[in-house]
Structure formats: C-alpha cells, structure tokens
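Going by the order they are written in, the chains are A, B, C and D; count residues from 1 in each one.
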Amino acid sequence: MSHYWILAAILLPIVGGVLLYILPFKNKKYMHSYVELIVIITSVITGLVLFKGERGLLEVVHFVNNLSISFKIDGMTVVFAGLIAILWPLATLYAFEYMEHDEREKSFFMFYTMTYGVTLGIAFASDILTMYLFYELLTLVTVPLVMHTLTREAIHAVRKYLYFSLGGAAFALMAMIFIIIYGDSCEFILGGVMHTAAEGEHAPLLLWIYLLSFMGFGVKSAVWPTSSWLPQAGVAPTPVTALLHAVAVVNAGAFAIIRLTYYSFGTDFLAGTWVQYACMAIAIFTIVYGCSRAVKESHIKRRLAWSTVGNLSYIIFGATLMTPLGLAGALSHFVIHGFMKITSFFCAGAFMHVTGKSYVYEMDGVGRKMKCIYACFTVSALGLMGVPGFAGFISKWNLTEAAVESGNGLAIAGIAALLVSAILTAIYMLGVVHRAYFPKNEAVTIENAKDPGWKMCVPIALCAAMTVILGLFASPMVEFFEKIAFGIY
Amino acid sequence: MAFVQNVPFFSIMLSMFSGIVSSILPGKWARRLNTFMIIVVAALSAWLFAFMATSDIGSYTYAMGHFPAPIGNELRAGVLEAGTALFFCIIMLLSLWGGREKQILEITERQQNLYYILCNLLLSSLLALIYTNDLFTAYVFIEINTIAAGGLIMVRQNGHCIEATIRYMIMSLLGSGLLLMGICMLYDLTGHLLMSNIKEQVDIIMAAGTYRIPMLITIGIMTVGLAIKSALFPFHSWVPDAYGYSTVSSGAILSSLVSKGYIFLLIKIFYRVIGFDTIAGSHILNILFIFGLCGMIFGSVSAIGENDIRRMIAFSSVAQIGYIYMGLGLGTEMGVIAAVFHLLSHGATKSLLFVSAVGLTDASGGSRHFTDLTGAAFRNKTAGVGFLVGSFSMVGIPVFAGFVSKLLFAEAAVLLPNWKMFPTLIVLAVSTVLNAIYFLKTVIRIYTPVKPEVLAEKGFECKHFKQQVLFGVTIVLFIIVNLILGMKSQPIIELIEQGLHNFM
Amino acid sequence: MMLILSIIVPILWGLLILLIRDFKSRNALLAVTGAGLAVAAVLGVAVILSGDAELFLFSFGKNLSLYFHVDNMGRIFAAIVILVWLIAGFYAFEYMKHEKEEKRFFGFYVMVFGILHGLTFAGNMVTYYLFYELMTLLSVPLILHNRSKEAIMGGLKYLFYSLFGAYMVLFGIFFLNKYAVTMDFIPGGTLDMSAVLGHEGLMLAVSFAMIIGFSVKAGMFPLHAWLPTAHPVAPAPASAVMSGIIVKMGVLGVIRVVYYIIGADFLRGTWVQTVWLILTLVTVFMGSMLAYREKVFKKRLAYSTVSQASYILFGLALLQPSGLTGSLLHVVFHAVIKSCLFLSAGAIIYKTGKTNVDDLRGIGKEMPVTIWCYTIAGAALVGIPPLSGFISKWHLATGALESGLGVFSWLGPVVLLVSALLTAGYLLPISIKGFLPGADYNYSEITKKEPKLIMVVPLLILAVLTVLLGIFPGKLTEYISALIGSVL
Amino acid sequence: MGVNLVQNIGEAVAMILFGIGFANLFFQKNLIKKIIGFNIMDTAIFLFLAEKGYIAGRMAPIVVDGIQDVEAYINPIPSGLVLTGIVVSVSVSALMLSLTIRLYHRYHTLDLDEISAKLRKEEM
C-alpha cells in the first residue's frame, strides 16, 4: 500500500468534519451514520496503513532549511495510531447516545471527527516540526469541544486549557530550535539525532533545554505543576473527556515527550544526567499528587481526571527511566491506561447521562440498577489499581521491572510512588464501587437509574473486555513494545 | 542600465504625482486613481523584484538627475528594497480595500479626496524611505511620512482622533528632531550625506580610532530617534489611541507599514551607513534589545488588560515592534533576518487583524467591547475567519507567517554566542503565552454562540459574504499572503539574506 | 485437574448464587450454598490427599504465570481453611437469618472459599499475590454486610489496610523479579545470590517491606487498627473466619516470603529480624493489653486476635525450627480456638443482642452449652494444659530460648507469659461471671436461650477439636517437624 | 577645553538650545509651548548646520562678480539643508497649530492631559 494513504487517513476525518457542517442532513440518523462511517473508514485505512503500508518518508510541504511537514510509520506510530483507531469508533458510538439531547450536536461531531485526523497527524508525524504543527492544531481543534456547553465554567476551563497548552508548546518550540540547530536532522530516529560534537560542547545548555521542553510537552499530559487544567476541562461532554482527556490529547503529550527523549535528544545523552533525575522526580511527584487530589475530589469526572493526571505520569516515569525497558513499560501503560480510563470515564458519563447527577455521593446503590455500567466500572477500577489479571497490573509490572532493572536509585522511589498511588487509586475508585454496590442503609438510591442503550453499553463493555483481555494475554503486546523499544521494529 | 532600473524613481514619482493630481479630483475618482496607482506601482516593483532576483548585479545606485555623487541625490535598489516595496504596496492596497466601506462612512464626502492624497503621499514617502541612498532625503521623506500619517489619523474628525494625532505628532517630532540632529552630526563628522560615502568615511574614522564618543552619540541619537518614531517601548504612548480610534485603513496602514518603514530605514542605516560590525560592537544594540524585550512583555500585558478590541490589537503592535527590535538587538545577521521577516509577517498579520476586527465590531452594533463581541464570528463569518487566522499567526501556529518569524528569532537566539540567548528564549516563550492569552481569549469570545433572542434584543445584524464582496476578497487575499509567508518562507528568507548582503 | 476445580468451582458457584435473581425460598438458597460448600470442601480434601500436584495454568506475561503447587505447608493451611470455613458456613445458615441480603453473603462466602484454595495451593509469588488481592476484595462484602455506617467504614478500613499491605508486598515482588532466580516457592529460598551481591541492603529493605505487607493482614503493630474496627461490625461467621482464616493467610504469606523465597539464612541476624521480633513482641503485649481494657465483646476478641497472630509471627521471626513448629501449631490451634470464640460471641449476640462484656452476667445460666464451649476455647487460648494452646506456646517459648538471640531469648518467653496472663484476664471473667453471676443476680428471670442445633453443633465441634488437638498433638507435631526439616 | 569651547561656541549654543527645545516639546503640557519647544529644537539644528557650513571670512555661495573660485565661498550644502529644514519645520508647525486650534475649539483648553481626561469622560 502506498504511503500516500497516510494522508488519506489524516485528511479524511478533517475534511469529513468540515463537510459535516456544510452538508444538510435530513435527520439525526443520517448524520450519525455519516459520522460513524467516516470514523470507521479512517480507522480501517489507518489499520491498513499501519500493517501493510510502506515504511517510507512522505514529505508534504517543505519549509525552511531541513524543516518540512512529513509523515512516516514507525513503532511509536503503530502504538499511538493503533490505539486511537480502535477507540475512536467506539467513542463516537458512545457519543451518539450521550449527545442525543444536545442542540449543537452537529458542531460537536464536526470537531470530534476533525480531532481524529489531527491526532493521527501527531502519530504519523515523522519529524519534530510536523508533530509540533499537529500538536498545536490538536489544542485548537479541541477547544470547541471543551467549551461545548458554553457555561461560564466551560469557558473558564477552556481558557486555562488553551493558555496552558499553547504556553507549554511555546517552551517546547524552544527545544525544537535547539534540535534543528544541534541535531543532524529533525526526524525522529531512535537513539536521538544530536551531533556528538554539540552534545559535548553544549551539554549543560542542552540539558536545560530538555528540561524546558519536558515541562512544555508535559503540560498536555498534565505533569505537575501544570496539571490543574485537566480536571477543569472535565466540564466538557463525557465523550470528550473520555477519549480526549484520558487518551488522545493527554497521550499526545506523553507521546511527544517520548519522541523527544528517545528519538530526538537520545537516551545516551540524557541518561544519568541531573536532568533525568529532575524529570523523573517531577513524574514521581505528579503520580502521588494526582492520585491524592483524586481522593479529595468528589465530582466523579474531576476525580477521574485527577486520576488521569497520576496515571499519565506513570507513562512519563517509564519514559524518564531512559532505558528500552522503560520505554516498553511506558508504552504498555500508554495503551493500557487508555483502555482502562476510557472505560471508567464512559461509565461515569453513562451515570451522569442517565441520572443527571455527577457527584460520587449521589451514587448510592446505583450499581444495583445500572448493572452493566458498574460491572465495567469495577473492572476498570481493578485495572487501575493493578490487580493481577487486569491490564493495569501488566503495565505496572513492566514499568517496575524496568525501574528495578535500571538500577537507578530514584527509580526505587518511583516504584514506591507507584504503589502509594495504587493504594490511593484503590481508595478513590473502590470508594465509588462501594457506594454503588453497598450503599449505607439510610442512603437514598436514585430512582430512575437504569442501564443506558446499546450505543453506550457496547463501547463500554468492549473497552472493559479489553482491560481484562490485555491483562490476561499481554505477552504478544509487551513483546511488540520491547521490539519497538530496542529498535527492532 | 536596463529600463527596469528606473522603477524606483518612477514609483516614487508616480505616487507623489497621483497625490497631487488627486487634490483636484472628487473623492470617488481620487480613490480610483489611488487604487490604480498602487496596482501600477506594485506591478513595477514586482517587475524590478523579479529582475533583481534573477539578475546577478545584486544592487545598483541610481543617480537622480545628472549630478554625480557626492553632490547629487541617489536612489539605490536591490532585491530587498524591491521586495519590500512590493509588499508595502500589496498591504496598503488590501488595507484600503478592507477598510473602504468603513472609511466611506467615517469620513465626510468633502474629505474623501484628502484621504487619498495623504495615502498617495504616504506611499511615496515610504517608497522613498525604502529606496533612498541619501540621509537627508530620508529625513525629508520621514517628515512627509509623519505629516501624511498624522493626516490619516486625523481625517476622521472626532476628539479622540485629533488628540491621538497630536500625541502622535509630538512623539514623531521628537524622533525626527533627534534623527535630524544625528544626521547633521554625522555630516559634521564625515562631510557626506550619501550613505555609501558616509560609510567609507566612517570606516576610516573607526579604523583611526578617533571621534569615538561623537560617533557613539550620533549613532545613539539616530537610533533612538527612529525607535521613537516606530513606537518602541517606552515611546508607545500614542499607539493605542492612534491605531485604535482612527479609521480602520489608517490604523492598519500605520501599524503595518509606517512603523515598518522607519525600521527598514534603521536597518539600512545600520548596514549602509554605520556598518553592522560597528553597530554590533557598540552598546546601542543592547539597549534596543532590552527595550525590545520589555516591549514584548509590556505590550502583551497591556493588551490583556484591554477591553476594547482595536486598542488590544494596537497594544499587540507594541509587543510585535518589540520583537523586531529584539531581533535587531541580537546583533547577529540571523537576528536581523528574523527581524526583517517579522517586519513582513507582522505587517501582513496586523493589518488583517485590524480589518477583520472592524468586520466583527460592525456586526456587533459598532461596539468594540468584548462583551458585545460574543458570537460576532457567526454574524460575520469572513471577518471571523480572518481574525482567527490573524490570531493563529500571532500566536505562532505553524503554517502561518507568525510561526516562521518566531522560529527564526529563536534560531537566531540559539546561535548567539553571548548572554542574550536565555533572556530571548524565555521572553519569546512567555510572550507567546501572553499572545495566546489575549488573542485566543478573543477568538473564543467571538466564536461563542449567542442565543438568537439576545441578538434580536441587541439589534445586531448578520453580514454575509455577498453583502461585502470587497471586504471578503480582501480577507481572503490577506490570508493567502499570510499562508505564503508561512509556508513558502524558505525562498523569502534566502532573498532577505541576499538583500542584506547587498547592503554591505 | 482436581486442583483447578477446587478453585474454580466455588468461585463460579458463588457467582451463580449472586447472579440468580431470586431463590424460591430461603431453604433453596441454603441448599445451594450448602452444596457449594460441600463440593468445595470435598474437592479441597481431594487435592490435599492426592499428593504433590503441580499445575502450570497459564502465563500472562514474562515471569508472570499462574502456577499451583501443593506442598505440605499448603496442606496444613488448606486443611484448617476447609475445616473452619465449613463449620462457620453451616453456623451462618442459622445466624444469617436475622440479617438481610443473605444471598450476597453466601455468594461471596462461597467464592472466597475458592480463592482460599488458590492461596493455599499457590506455587509462586505472583499467583499468591493475585489470590491474596482477590481474597481482600471479595471478603470486603462479608464485613460490611449489614451496611450500617460503621460496617461500611469498617469494611473500607479493612480494604485499604489490606491493599496497603498488598502493595508493600508487590513492591517486594517487583524486586524479586530481578533478584530471585525464580518466584516459585522452593523451601530454603530462591534468591539469586550473585545478583544480590552488593545490593544486600536493598534486599533486606525489600524483605522487610514484604514482611510488613503480609503482616498487615495478620494485624501486626503498627498496622493492626483495622482488626478491632472490622470485627465487631461484621456478622459473627464472618468475624470467625476473618480471625480464623484470613488473618492466617497473611501468616502464610510471611512464611512463603521468608522461608520459601528469601530464605531464613539471608535474614538471620540482620536488622530485619530484630525489628520484626520487636514489632511482634510489642504487638503481643499491646494486643492483650488493649483486649483487657476493651468492653465490647467482639472488639475484645479482635484485639485478642491481634495479640495471638503476633505469637505466630514471633515464632516465624525466630527463624528457628522450634519456633516455626510452634507457629504452625498455633496457626492451627488459633484458627480453631478463635473461630470458636467468635462463633460463641455471635451466638450470644444472636440470641440476646448484648454486645458489651458487662451485660453478660449470668449468661452461662442462659446459654450453658455456648458458654462452655467458649470457656474451653478460652482456656485453650490462655494456654492451660492439656488444651491445645499450651502445646504451641510451649514450642514457641522453647524456640525463643534456643534461638540464641540474646535479649530476645528471655524477653520473648516473658512477654508470652505476661500476655497469657492477660489473656486469662480478658477471656475468663466472662465465663466466671457468666456462670457465677454473684449473689445479687436475679435467678428468676433466667430463660433458656440456647440457640438452635445448627449453631451449637459447630461450637461443639470446635471445642472438642481444641481439646483433642491438645491431648493428641503427636501426629500434627510430627507432620510439622518433618515439613520444617526441608525448610530450615 | 576652554579654547575648544570658545572656538565652537556656536555648536555649543546649538546643543543647549536643542536640549531646551527637546525638553519643552517633551515635558510641556501646554500645546502651544510644546510647539514653541519644537521650533526651538529645529532652530537649534539649523544653527548647528549653519555653524558647520560657515567658513570664516568667506561669502555666501552666491555667485557675485563672476568669482567662481570654490575657495571664495562657504560650504553651500548645509545652507541648502537649512533651507529644506525650514520648509519642513514650517509645514509641521502649521499642521500642529491647526490641530491645536481644533482641539481648543472642542475642549477649550490647551492642556493635553486635560483634553485626554475630558475625552475619557466623554466615553463614559
């Protein structure tokens, strides 16, 4: 398959989204089938490109010097693009039901579909400029989604999101410049592209720059101290929070950090320097911080968002180990967290959609009424806690294996943080489960709670099933990640 | 000498004479003449530009009349001059088109032709600033430029505008006074007024090591003079009023062309009169650098606090001028290239913003306050898109012009051998964030839908593309210019580099 | 095959009970539950008797496999699990009558039975950890059964303490992955000494973390606080199996880690052993002390469990054959005794609703059989010969004296003795006041309140077992000694 | 120093005047005074130029009596510059004055800050 199909995969949802706005649809059903069709076709193309496509470089536009917009497929691409290609059709299906009573459904789906293309752009980007471009676009295209409800709160949240993201990108841009100047090329090549000479002479400077860019891209994956936008952005409709703020957007941040660390600066250069420790310390702190905030939060979506903050830093922590195993661990959490968190968000959204309530303390006893939803929620909770047999354990296992293997002193603290976060996760997730299944005697259960329609239940069940399946049969996936990390794939 | 090499002279004269002719024409015809003249000048400049870019003469001097140097007056043209002239013409034309509707409303019938006289004079003086090889000519045209610009502000005769004009004039006069003083002192030191001759003498003086202090003072006075005129922080107090209250074409032209003309002259002085090495060796650049940085931050901070969209854009100009001076202040060629590119990209972007902002305010009952602008982009979609693109460019989204200039600034900073790197990078990043804050805040605001009943209550009207074809076309053209700058930057940068080399 | 069935069948059976929407009658539920318990017990016994079976179930990642291996250590624990679980289960048939939502209780009860089989037969650390977590999660509903505010708090406290402990263990497992040759349980330990070389400090810390982690379940100071909160609020059968069995699973975990993975030799004489010994002794003393001062009956028993479980841990910490023998004996005896005590407490609450010790004056007149059972069990726990408790304590004390650990060799026995006195002090007054309420007691109001046979029989069985095990400890001790020979 | 000063007394005075003019233009609040300041500033520059162009003992560069020897005249270029400068200065002054008149008509004051304040009040 020619690699021009990459372009098709990126552009189809974007164009499709715009067309959606222009085309007149007779009724919702047509529109829904149109959207789902676009998304599924994109996913199919993506899948074909990933596994059958040529491994060449596709240059689209040439900018200054060695800067260009170009795409390619490598291991990381497969991971990210594959993940979202699986999740997007499901999330869209879920969104149909979630958004059914919304007046501005059309504009929602327009941007929702466009975001798909932009995210794919990040995944396929072959060099730092292309990634930066789509990274910025991702910020912008998701803005209408976050502020969809147009409440004061939403607008406030969206502003914060924008400023944080763009600000972060501005800092990351600085790093980009350094890579352009001190690197052999801007392309992502496992092991880094820095001049050896530049590394020697400018090492102290480059380390600072790495830190700067780490913090910059870290904004999107909600690394402390810039994590507060994520919970605030939870005002968005749940399909957005679930897919974008638990998977696509935030993973893009982690993805960018991995790209930068492993493919641009190179781990040989960074490993063992102070900056590695600094970044790792930040990640470790964020892990604990995010989870503690989640415990304190009683709004279900915000709670999950804080949980996301913590979990994303697992990925970052894996990345900062700067060993191939660390990368493999990071990637496994990258994928697995996606499935787990989208499940829990979907469930939370289903609860909110059906009952109109949104706080944990309003969930008394609903587990007995919304059986399917809360069964899945429980699965995701167990997964997030890292109970063996569920996917979360696999990624934790890989991460810690890498941490132990790295022999890095701070990594041991990281393992401890992972476990502290696990217990905190247990507190905030099982707290919910408990309430839902074992309400206090005097508590009042919401009367009208019941399982939502199939459009919601099916995606949720599938994602939950993935959590279990990945937990039990993870070996092929993990081996694949190790291949990527060792540069064999 | 090929015929095409007469273009600089022709274009200056053409615009000046059409100004004079306009004084006897009625407003409508003056406008037509003006449009025609700009197009012709643009075509001529394009011709020259193509010629210069393809031929290998690099640059040439053009003696006015028959007096040879050092007595005669000279023009000088190269690829950078021709390109800038072309760019200025395009932006001017688009700004006038974009603001035409508004301008017809805001300016009385009687003064219509006056407006175009001033425009023509302004263009001719800008062209003269670009092409001239003579410092005193430059001074004279600066004054013409100042008066024309003052007229452009004042022509909308309300209190704000007159007050803004007088403030603008005062600052301008301070600047041109200093510049004139500097020119005189330079003449005193070297005995010449032609740039190339001064350069020779300056080199000799510098080599001899005499007159260090007078030289420094001279350079300082001239630089400060031009900096004041181009509204470098902290001499920007006139900017928000002048850009904010004048009719929109004037605001756009002032911010994207007039101040740029001075900067272009300053760059010429740096390269052609003093010699860039001399300049880079003095501390003048450090001062420019620091004020540039301050301007970047201060302009943006003020813009954030602003509640009026036009004034906000005006404050943003202060910040952008800061960028340019920061680039100059870096003291490397990369820095200057970045500054020149930013001069272009900011010119293209800022005028787009001014023009589309007017479209938005018109769709909000003429109110310029943010609360009324809610949802304006839905009422005037073309203007909304224009503002969106302008904002993205300002914030530095790739594909748009602003990104490239930011990239160039940063690259220049990274390659610096001295202490300026970190301040530059940090301020660049911070100012990007600040830019994002006020521009995207506005974008969000204008793209926030409002309920129809609220609209009906306030009496805001929707404007469709068909009702404002010229405006729409202008916006589209602006966007195209922006995209060209953003995506085809490589040849442009190469030409700038080539042009700067020709300066030496 | 039998092995996997013994785990899966109860779990599925329990699930079935939970999923069936409505049982026609309570008897149907009880019949299904009873059948489930019986099948599970039969399967379990079959596994115990069928020799050293091994089963590699499947691998869900590198070094992550489900592997079962029946060994003698597992057999002991499996035996007491089956015994206590069955007895308490049948007791619950009657007891749970006055609770709502019995179906849920029995469903989880049967499920946990299966999990416990998995725990006792687990052949490597990961499998053990997996079932350990599942046990925690699935046993929570047993505790918070009546969903009162206190019950829910108690359940959550239990949950989070346990999870905290489990994660400490997991922390260790992560490191063992690198520093152990294999994570299968092999008597004597599997540490890869060449890998550990140079990382001894780390390894000790890891061992300590794992010991502490498992000890949370066994209620060792400072993480013992969940026990006195969770026990009083849980239904009596649940309290009984918690104290009798689930606490023991923590102990089994410690045994597996110390004797089967890390190896006693590695820990002997290190700071880990010292600290561990100190903690156990503190717990032993403190537990008894708190029990002595506690007025709520079940809470008192819970504190007693804290204290007694640390007897066991103390024996383990000695890293010495005699001590280990004592520990294992005490595991068995304490399981039987404490279940008996809790079940009697449950019977009292069930019939009279009295929870406070001071209200129990004359109870022996009202419920003589129950209180007799209680008294026998209590006396055994105190360690009055020839009852069972004496045997284990004797071994523990000898172990301490033989250990040659300096101060601990005499301090240990002293603390044990003091604690035994305190035990007598907090357990026996209930019997004494129960039977001899004093002159001012109004005998006319006495009514026979003996519960139904189905509750009394389990009590009797347990009481008789206590006595029998005390009088004929030979076989058991021999069995244990043989087992210990391979471990140490 | 002293000798230098005496010899360049014209330039020195020009500089001082320039400073005075500049300060007036910058700091005066009254518009008319500002314009006066501007004129002083410009005049100072002309003085400076004239001083530079003047060569003691020679005539203005107007051919009189057919003497065409360069040695006979002073430097003509500064004079030319002064003339141009005056033209510019006059026109700018005129513009400024006309603006001032307009403002005065509207706001009845010549104080720029006061005008700004009034404008702001107007907007309210």
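The rule is simple: contacts are C-beta pairs under 8 Å (C-beta built on N, C-alpha and C of every residue); 3 or more make two chains touch, one makes a residue touch a chain.
Only a predicted model underlies this, so the values are computations on that prediction, with no experimental measurement involved.
Q: If you average the C-alpha positions per chain, which one ends up nearest the average over all of them?
A: A
Q: Any idea how many Å lie between the Cα centroids of chain B and chain D?
A: Once rounded, the distance between the two centres reads 28 Å.
Q: Between chain B and chain C, what is the gap in Å from one C-alpha centre to the other?
A: Each chain reduced to its C-alpha mean, chain B and chain C end up 84 Å apart.
Q: Could you give the separation in Å between the centres of chain A and chain B, each centre being the mean of its C-alpha atoms?
A: That gives a centre separation of 43 Å.
Q: Scan chain B for residues touching two or more other chains and write them down.
A: Counting only residues that touch two or more other chains, chain B contributes none.
Q: Got the chain D residues that touch at least 2 other chains?
A: Not one residue in chain D touches at least two other chains.
Q: Quick check: what residues of chain A touch more than one other chain, meaning two or more?
A: In chain A, no residue touches at least two other chains, as defined above.
Q: So with touch defined the way it is at the top, what topology do the chains form here? Options are line, ring, star, complete, other.
A: Its topology is that of a line.
Q: Give every touching pair of chains, nothing left out.
A: In this structure, the chains touch in these pairs: A-B, A-C, B-D.
Q: Spell out the part of chain D that touches chain B in their complex, as residue ranges.
A: Where chain D meets chain B, its residues are 18, 21-22, 25-26, 31, 34, 38, 41-42, 45, 48-49, 52, 77-78, 81, 84-85, 88, 91-92, 95-96, 99-100, 102-103, 106-107, 112, 115-116, 118-119, 122.
Q: Could you list, by residue number, the parts of chain A that touch chain B in their complex?
A: It comes out as residues 61-65, 67, 104, 129, 132-133, 136-137, 140, 143-144, 147, 150, 155, 158-159, 162-163, 166-167, 170-171, 173-174, 177-178, 180-181.
Q: Which of the residues in chain B end up touching chain A in this complex?
A: So the residues of chain B in touch with chain A come to 392, 395-399, 404, 406-408, 410-411, 413-415, 425, 428-430, 432-433, 436-437, 440-441, 444, 447-449, 487, 489-490, 493.
Q: Give the list of chain B residues in touch with chain D in this complex.
A: 71, 136, 139-140, 143, 146-147, 150, 154, 157, 159-160, 162-163, 165-167, 169-170, 173-174, 177-178, 180-181, 184, 187-188, 193
Q: Tell me, which parts of chain A touch chain C in their complex?
A: For chain A paired with chain C, touching residues are 382, 385-389, 394, 396-398, 400-401, 403-405, 412, 415-416, 419-420, 422-423, 426-427, 430-431, 434, 437-442, 471-475, 478.
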